[in-house]
Amino acid sequence: MSALTRPSSSAAHPSLWFGAAMTAIVVLIALVSLVWTPQDPTAMEMTQRLQGPSALHWLGTDRFGRDVLSMAMAGAAISLQVSFVAIAFGMALGVPLGLFAAMRGGVLDEAAMRMSDLIFAFPALLTAIMLRELFGPGALNAMIAIGIFNVPVFARVTYGAALSLRTRDFVTASRLAGKSETLIALDHILPNVLPLLIVQATIQLSLGILAEAALSYMGLGVQPPAPSWGRMLNDAQTLMAVAPRLALVPGLCIVFTVLGLNLLGDGLRDKLDPRLRRRQA
Amino acid sequence: MTLLVLDDLVATLDGAALLRGVNLRVAQGEIVGLVGESGSGKSMTALAIMQLLPERTASTGQILFGGRDLTQTAEAAMCAIRGRDIGLIFQEPMTALNPLKTVGDQIAESFMLHEGLAYAEALDKTRAAMDRVGLADIPATRYPHELSGGQRQRIVIAMAIACRPKLIIADEPTSALDVTTQAQILDLLRSITRESGAALLLISHDLAVVASMADRIAVMKDGRIVEEGATRSFFGAMRDPYAHALYEASVHRPARQPMMNKTAPFFVAENCTRLYRKPSLFRADPQPLRAVDHVSLALSPGESVGLVGESGSGKSTLARALLGLDPLDQGTLTLDGVVLDPARKQDRLRLRRKVQLVFQDPYSSFDPRRTIGWSMTEALGHLTEPVSESDKARRVAALLEQVGLAPDFAGRFPHEMSGGQRQRAAIARALMTDPELIVLDEPVSALDVSIRARILDLLADLQAQHSVTYLFITHDLTLLRAVTDRTLVMQKGKIVEEGPTARLLDEPQHPYTQALVAASPDLPAHVAGLQSDV
Amino acid sequence: MIRLLTKACLALVLVTASVAMAPLSAAPRTDLNVGMRLEPPHLDPTAGAAAAIGEIVYANLFEGLTRMAADGAIKPGLAESWTVSPDGKVYTFTLRKGVTFHDGTPFDAAVAKFALDRARASDSVNPQKGLFEPIEAVEVIDPATLKVTLKRPTGAFLFNLAWPAAVMVAPQSAADNKTKPIGTGPFKLDRWAKGSQVDLVRHPNYWGAKPALNKISFKIIGDPTAAYAAMMAGDVDAYPIFPANENIPQFQADKRFTVKIGNTEGKTIVAINNARTPFDDIRVRRALAHGIDRKAVIDGATMGLGKPIGSHYAPQDAGYVDLTGQYPYDPEKAKALLKEAGVSNLKVKLILPPPDYARRSGEIIAAQLKKIGVEAELVPVEWAQWLSDVFRGKNYDLTIISHVEPMDLDIYARDDYYFNYANADYKALYAELAATSDPEKRKALIEKAQRKLTDDSVNVFMFLLPKTGVWNAKLEGLWENAPLPVNDFTAVRWRD
Amino acid sequence: MSPLWLLRRIAGLLFALVAASAIVFVLMDLLPGDPAEIMLGTNARPDTLAALRAEMGLDRPALIRYADWALGLLRGDFGRSLTYSVPVAELVQERLAVTLPLAMMAIALTLFIALPLGAFAASRRKSLTDSTIIAVTQLGVAIPNFWFAMMLVLVFAISWRLLPSGGFPGWSAGPSAILALILPAIALALPQAAILTRVMRSSLLETLGEDYVRTARAKGLTRAEALRRHAFRNALIPVLTILGLQFSFLIAGTVVIENVFSLPGLGRLIFQAINQRDLVVVRSVVMLLIASIIVINFCVDLAYALVDPRLRGRS
């Protein structure tokens, strides 16, 4: 544990590069879809229902004659957006909570961590169902439902890392330099926790994509006419025997994205997390 | 008769050379000391003998053990040799034992494995083995976490000697232990090898330890043996410059002016008590541990005071209290005649302006994500008036120069520097606010011997320049003698003896001090003894 | 992993083989596995509105005084005949003799009086209590004769008595009918494995003709894919209403199955809150009607199987008039109408209850409305919310819903109904209809009522939900249409 | 195990249960919609609705209803379903007969796949086999379980017609009941197994690098023996943590998977009950699930103490 964040010179992280490339592709497609898709992803053409792949519709059309490729592209943007917001939500609440608990300790510490345990015990899906019942379904609810579960995750990562950092000599040195606890948290703890948070964020991003897909699939997440991979799967379910392609496309999109993010997360962790490299030192 | 021959042993891992041709002989019943600094390849040599080198390690050369080339021995046969014919003792008693198994079971495993005993019989022999290593009063059903470090190391030794091997390899067996424990463990190793007739390959970074134990000494550097010879003639006949330097550094005493005219103390701690309470859910711990128990000390300008004690003696807790890092349960701190209450922020800042700290571990004392310059100037503006960026840069450059570092080190990150460089930077940081007292918490114990000597010189120079007071916290009596005027001996939270260092070490009064002095290997004295023998 | 799979496959082959080797009987089967989309919450049709209750128990387990035939005609049930007084206010029923409930309790006029009085009592929890509202008094003349006096002539009274909510229940067993239904029908409850299936077996002492089936199992498989696989595998013999229209072409192409696209009474409409600006303006409502392409919605939402309707009336019912041409799809005209009404940048909320037809229609309709400059936000809700917000609270702009009650022209005449139609002319028209018993006059009035609703463009009338019946080709006697949400299996048999 | 430690843990457990019950009740009470309305449909009249509400006890104050419910739970009385009109305990019992075997099959499958596969990969570190296993698990983690379920249905039920695609014939149907659970169990287990395989592998690798494993090797144990006798049990500790977490995922997973396969299990019961506003069922079953997660986590903590003597405290 000699250096929590000693940058690695090694370029031999194939999973990092694979993951980064895959993620970059998805992000790029999502960005492109904001300004351009081959067809309007919401434009229906009843005469073109359930067409197979063609020059005009590369991946065919869905039950309303919409272009599947365009929907999948636009779906990337929405899935990423939901996950990103959910992570921002989780970080915005979780990181200060974890920092605070670690720096203060005592009863507050205990209470904060018990609360996060409790949140963990509530199955995410049930929370999403209840949120839907309370506020109606929609992308925002999906974000909050997923975000709520990101809070304890980030709180714990921050808490754990901050707790061990707090006893490190350089923090003591900073204290001896007359810095307040708040300043120490901002100047030393946070920057050192950051790499871990980035790794965790990558992992949560992939979990968020999966969760969004599951919620939208259950009709609890993104609502029409906004296209989303989970919704496309929901739509495809009754057409499984007729047009399995409709279930295959969004499913593979999810797998590709999540795989990319996981590889990226693994690679980043190998690069940044000292625990796995301790033995090489 | 020769038991072990290493013949031009070469090992490489992923293109990096670990061993570059090691030649070494160990005779039956002989104790050979293998000395080297970190990275010299001494541990790799041990693993090579055991044929436990990391996977993908390529090696050439021969390892003849009792005439059999171990490099050509099949893995199954090697398993029969390990533990039966060669026993290995590791450095870290904390991690060398499986935490989930009782110590008895772990020792018994050897008997069951090599002597084909049933569990019950193996347990009987285990009892005997534990008695042999001085653990007669420890039940075999204990788990490792229930034992102290020294006890665990005895368990590891019991395991290594269980089947009465012909060769015992001990890799830094006492580095993680306190001085008195170290002496006991070394005694145990010596008596066991003598009694069983086994050979011992003792690997250490500490020339003093090796000199006191070994029949023969070999010095290793960069994967090679650079100097070798019988202990009695070794120190007189060193030809290799590195071996010589190593010896010099080990016995180095920085040139320093002893304090002559002692003035009135500027820093006084009186009756300091610090309690340690076990956290309890329901009520206050009725009998809190007194980590620091009514300790008083007074420091005068320019003097160098040693604080010695073993781990758990309370010396680090005392240091933290003196620095105002932890509150005092009792007692007062007086700085320049003013009584300070560390619970008050203003007083804390005042205290820290005058009292600074240099840490033991140079690797963790700098924030890995900040440049050295940033870390050095952290205190400016908090403990002092606000300082302009250009002034900051100027002061950093000046201090870096004083500690022997180029000014461009200010822009470097900690991982871009060696341990010695970091420790220099840490000293420079401590000087940033012109303190009157610097607490040095084992400032050189994490450094290799050769670097250690240079840091000690630097500290002596700086003291002369800045007329700053040092409070040296250490467990190393040789070091104390070299760098301090006065010494306080701490045991179980109390100062048990204090006095001028030379007097205290030469004529210890308190039984604890006497034990400490007796247990500490003293290389110069030992070498002097050897040479007078010749 | 691969070895595991191989083993699983092997186990499978063994099981399949043992099933296949079961002796094949020559006699026709007497059991029937029926697929159901939804599970009933309980089995008492007099205490719950869920269609699934009637779909299991009606005519099979419970019987009413009158009963609905497959063609929608009213036939004698437990009343073998009746007379109506000339003023249309007194009905005298002659009850069948020798009828007993499954527990042996005899059925007579006293029981019938109990059942009717219970349904209309002040603490009644009957979901269709309105059916009994016209009743003034019920009298037992003798054990086989029941006299019902109405407050006013009610043309649909016999029809009302044929509803599932009007079945006959006995005083001793009525309270427990939810879980232990005791009726007079040819089948009685055998077992209810909650969440998966309801089994009915033949009641040996049935008063009427012995049905061909001995046992009916209602299997609850709502998931379309599972339903499809279950039909294909023969686990289910019949789906009176298959849960997904998407699979219908595949069944049609398969000789093993009979596919009947029949009619339900489910009139699917885009309901409009007539009281809310700008929908209080008839031009806006007409603009909506012109702006929605009925054909595209039917194609997209029902795979082309729904029948278009032009008013709130099903084509198969007496007095139907085809008004589907009144508001042809014409976005330009729709825009012009909106402009005329001074409406621009209209943003509305389109509330969608859970069924697929609503969700899918909503998606298409929103896209169509966008073309006439109306921004429709889709708000999917669960039934609970739909009922409280839309139906009870009338807090909505537009919603898509199927009205499944047959011939329910009355709802437009109700005060305080969620359409907020409140039209005095229509109320007068309906009052006249309600008081008319003569079939020809009724037909004329019904026609007039339909025209009135279409002219006022109260709602946008879309299509009739299809009854997508799929069953084993060897089965006969299943209903092609669904005049009520019921499944009468008394005449169902297996052909050899 | 020190009594104080146990006491603290039990206190934490009780606190969590009480807090969870309060949260569940409040959330349920906030849900819009009236169960009476759902039952009676669109033709119901206001007086009929009021009568039904009174019959179901919905007109009483919230605090009293909470107290009734919580005390009932303590007595093992889960209340009576508003829609099914049967005791919730009975419903739960029926549904558990599907969910419990399904969860057990899934966990068993997960363990049977993950532990050997992870250990195997760790023992062949950096070999082709290892890389292949890693790649496959990486893929397994990325696949959404409901999509995987759909694909299984597509292949095994629709294309090959080997296994039922959904529905549950009841345990009285014998082997076909087990067949009905095979695909759902696989759909639940494989993504979990992928995660656990990775955890097992990395945990074992980490343990294999520990000093005490080297000590064991120095003692003369072969690689395999050292792995089995010294590394395996230590490596199980993180596996246990993940397994505890996976239980909670499994619960959420069954809700989705039971819906995909139309299985009459607890998850589907909750989903239906929420839509029908059968609040009594929802809150009791949700509470049951949450309690089981909390209790399982408690058991995981106890299991740590069993595996790891360091947590038992000095005797």
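A few notes on this one:
In order of appearance the chains are A, B, C and D, and numbering begins at 1 in each one.
Everything below uses one rule, namely that a residue touches a chain if its C-beta (ideal position, glycine included) is under 8 Å from a C-beta of that chain, and two chains touch if they have at least 3 such contacts.
Just so you know, these numbers come straight off a predicted model, no measurement behind them.
When the interfaces C-D and B-D are ranked by C-beta pairs in contact, the top one is C-D. Our note on geometry: chain B versus chain C, Cα centroid distance of 86 Å, whole angstroms.
Centre to centre, using the average C-alpha position, chain C and chain D are separated by 38 Å. Note: centroid distance chain B to chain D, computed from Cα atoms, is 50 Å. Centroid to centroid, with C-alpha atoms defining each point, chain A and chain C lie 45 Å apart. Contact of a single residue of chain D with at least two other chains is seen at positions 31-33, 150, 153, 158, 259, 274. Chain A has residues 133, 237, 240-241 in contact with two or more other chains.
Not a single residue position of chain B touches two or more of the other chains.
Taken together, the chains touch in the following pairs: A-B, A-C, A-D, B-D, C-D. Against chain D, the residues of chain B that register as touching in their complex are 50, 52, 55, 75-76, 79-84, 87-88, 90, 92, 95-101, 109-110, 113-114, 143, 145-146, 156, 159-160, 280-281. Here chain A touches chain D in the complex through residues 114, 117-118, 120-126, 129-130, 133-134, 206, 210, 213-214, 217-218, 233, 236-237, 240-241, 244, 247, 251, 254-256, 258-259, 262-263, 266, 279, going by the rule given at the top. Considering their complex, residues 323, 325, 348-349, 352-353, 356-357, 359-361, 363-370, 375, 378-379, 382-383, 414-415, 429 of chain B touch chain A.
The residues of chain C lying in touch with chain A in their complex are 223-225, 228, 243-244, 246-247, 249-250, 295-296, 299-300, 354, 356, 359-360, 362-364, 366-367, 378-382, 384-385.
If you check the complex, the residues on chain D that touch chain B are 4, 7-8, 125, 210-212, 214-222, 229-230, 233-234, 307-310, 314.
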